[in-house]
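These are the structures, in structure tokens.
Shared between the two complexes below is subunit A, which pairs with subunit B and subunit C, respectively.
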Partner chain A sequence: MYNADKVIVGILVLIIFFTTPFWLNYKRVEALPKPERAEKGEKCIEDTAYMRAYHMKLLDEWRNEKVRESKIYYQSSDGRIYLKSLQRTCMECHRSMANFCGRCHAMFAVKPDCWKCHIAPEEVKKWR
Partner chain B sequence: MALNRRDFFRILGIGVISSVGVAGLGRISSRAEIEVVEHKASPQALIGKRWGMVIDMKKCLEAGEECINNCKAIKACHITHNVPSIPDKKKEIKWIWMDNFIHTFPELEDIRLKEHLKKFPFLLLCNHCDNPPCVRVCPTKATYKRKDGIVMMDFHRCIGCRFCMAGCPYGARSFNWIDPRPYLTSINPEFPSRKAGVVEKCLFCYQRLDEGKLPACVEACPSKALIFGDLGDPNSEIMQILKERFALRRKAELGTQPSVYYLI
Partner chain C sequence: MWNDLFVSILALIILILVPLVGVGLLGLDYLFGIVIPYLAFTIFIGGLIYRMIYWAKSPQPFKITTTCGQQKSLPWIKHSRLEAPASTWEVGLRMFFEVFLFRSLFRNLRADLVGKRLVYGSAKWLWLGAILFHLGFFIIIIRHLRFFVHPVPDFITLLDEIDGFFQLTVPTLYVSDILILLGLVFLLLRRLVDAKVNYISYASDYFPLLLIIAIVVSGILMRIFTKVDLYAVKELAYGLVTFKPVLPKAEIGVIFYVHLFLVSSLAVYFPFSKLVHMIGIFFSPTRNLPNDNRMVRHVNPWDYPVKYRTYCEWQEEFRDVLEEAGIPIDDDWCKETQKKA
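After this line comes the complex of A and B, so read on.
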């Protein structure tokens, strides 16, 4: 290879340059979103891993079943029964939309429009 | 390198099976899936064959002007469902409202009849028709008829095309031209509000019926002028009233079969 020393150095410089975000954030876990823990209630309706992965599917099913099929109660996998309601069940324990929903959603740049109609606990406080 | 056809397929097969197997195992161990339990409808829900309402305007008239001007039924509905009060008439949101005889029954306009009936106020709301034109035109099934006769609105699905508003002969539907939140005078944290670009109307308090409660307006009316019941049950209170007294329905000639009856 011609000019091997220059080419190899050039490639190394490029690799280091393009991977700078990884080096700069190495071992910095505080960048991960930390949604606020529930203010009250010992246990969520399902376990955390499930809720983290599938809450959107659960809420989507809830809204269809509750509004369209009048199935207003949800039985969790350990047999407890809850009213299917974002405002009345979820937010009863998770008292903050910005600190619970908002932290991950902001990090991952997802913008669900739930709170354009549903009333967040913060919004309720404004009216009192 | 010599590799015959048979060996090639053998290696390919082992590769495919092992990669699918590993992926499958990974799925089982990493995905936090749960068994879904199908849950039945609420046990305390009020069940009807066809919900309807009788509004006794005579009782309303007798209650006096002050009661009519500060109608508690309207207030209760608006508080329960976070209905905004927007001063601009072109943008106002109506679930339940008052109007006069001529606007309510334009087809019955007659000089003599009008004089007699002019003094009556009329409480208007969605008629929850048996043959609802709004449902026929909705392209997303955001509005649909429930088994119990309620013409429902699923705000999640409404795209704001306003076909239903064109379809409704009663003007019972309103479009949110602007964000309604700033126009709320109080907020009910148990019910959502709406956002700009969504159509809304009276839903016969489906959420209260599912929990075993009567509609908010019926509960709030101090003179019991609103009577809610099952038109499909011949022994229900409203069917008994309709057997005895003459009742009017709005624009019955259109064939939409309204479920709201007016006694005068």
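After this line comes the complex of A and C, so read on.
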């Protein structure tokens, strides 16, 4: 092998670069945090798998329909009727912005705008 | 040419069908979620190292420096440092501009017949398409670290925020996604529309482009249309890179396995295809050799060890004849060179 010193450095750089996630996690591997279970209510408005994947789309639809078209009620796929409201429907059962929404969002570098206008339950408690 | 395009499309369709059947119908989540990704990653790294060692074993008989500019010479002749680098440092600089800015592509020319005249002109489109694609790919990969690292480092969150700045959809369509698609579609169209390029395009040119387009499209679909359970994705991805692989209890959605299988295919294909130019660029003699032929003697590593005789040995053998003919004998000089040797 010619230029062995340079080639070996190259191989090391290659390995280290492509194992970046391993090094970023190194020595601090822990169980992933789970979002807090809802404090009350038996069933979410739609089933869990759907909510996990699509909740942001649902909320976006709610926002558009309620604010722009004044359609304020949502009929779930099993026929129940809900008020389209983040604060008064969703957060009625999921009582914590930080422990429910926040835990997952932090895991995916997601920073939704909701709380720039809406008031998180934690915030409400402070003012009561 | 056209057959090559159809073969590539066919190969891609098969690669998409495999996980659709494997996970969608047969439920082989473990195989497609854990075994194949590990295997693909091993082949990727192993293959690249194999290629590097293989290249490093080939001798380099000559210095083939590209001369795009004035070689370093007399002090009053202006030396072109980037075009004819003379030191390691200058070579490093040339390499940097090549790897990060595709400097040599920026010199790309087009040749057209205007009437009977052959006319050359500047053609930066290839450079632009290449930059958009490579830069987009790089940013996307860095952003994907959010699936593999916990807690997510701040720089990734920041990158995500900048890239999603326009908030075009929910969830945001990233700018890098649009740019990479523009780049990829241009690079593909170039091979289809331009007859001169079409003529020299083979399956090994179409397939990687189509494969990467499919990866990007499946990713965008999964983010914006057929959504998946990201919590489950992170459980799987985090498990893989921390060597505690687990299959998440919740179902992820088949489209994720399509995405992952295409990425695994790319990883396996990478070291044994033209894509390996990612490593090859560093082994390119026309990029990595300093243009210092006049300063440093390059020895061909496979030079045959020639048996030679020095002038002094020759002089010793024919001393009598030389003296007889009145040719001066150079004893002092021979002693001196012997001392030096």
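Note that in this section the second predicted complex is superposed on the first by the 96 of 128 C-alpha atoms of A that agree within 3 Å, B and C clash if a C-alpha of one lies under 4 Å from a C-alpha of the other, contacts with A are read in each partner's own complex, and residues count from 1 in each chain.
Criterion: contacts are C-beta pairs under 8 Å (C-beta built on N, C-alpha and C of every residue); 3 or more make two chains touch, one makes a residue touch a chain.
Keep in mind it's a predicted model, so treat the numbers as computed, not measured.
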May I ask you to decide whether A:Asn25 touches subunit B, subunit C, both, or neither, giving the answer as first, second, both or neither?
second
Identify the partner contact of A:Glu123: answer first if only subunit B is touched, second if only subunit C is, both if each is, neither if none is.
first
With both complexes superposed on chain A, which partner does A:Lys57 reach: first (subunit B), second (subunit C), both or neither?
second
With the two structures laid over each other on chain A, which partner does A:Ala49 touch: subunit B (first), subunit C (second), both, or neither?
both
Thinking of the overlay built on chain A, is A:Met1 touched by subunit B (first), by subunit C (second), by both, or by neither?
second
With the two structures laid over each other on chain A, which partner does A:Val110 touch: subunit B (first), subunit C (second), both, or neither?
second
With both complexes overlaid on chain A, does A:Ile11 touch subunit B (first), subunit C (second), both or neither?
second
Subunit A positions touched by subunit B in one structure and by subunit C in the second:
49, 52-54, 113
So in the complex, which bits of subunit C are touching subunit A?
41, 44-45, 48-49, 52-53, 56-60, 143, 145-153, 156-157, 160-161, 167, 170-171, 227-232, 234-235, 238, 241-242, 244, 250-251, 253, 279, 282, 301
For the complex, which residues does subunit A have touching subunit C?
1-4, 7, 10-11, 14-15, 18-22, 24-25, 29-30, 32, 48-49, 52-54, 56-57, 60, 104, 106-111, 113
Help me check something: in the complex, which residues belonging to subunit B touch subunit A?
31-35, 37, 39-42, 45, 82, 144, 146, 152, 154-156, 181, 184, 186-187, 189-195, 198, 206, 210-211
Subunit B contact footprint on subunit A (complex, rising order):
46-47, 49-50, 52-54, 63, 67-77, 81, 85, 87-88, 113, 116-119, 121, 123-124, 127
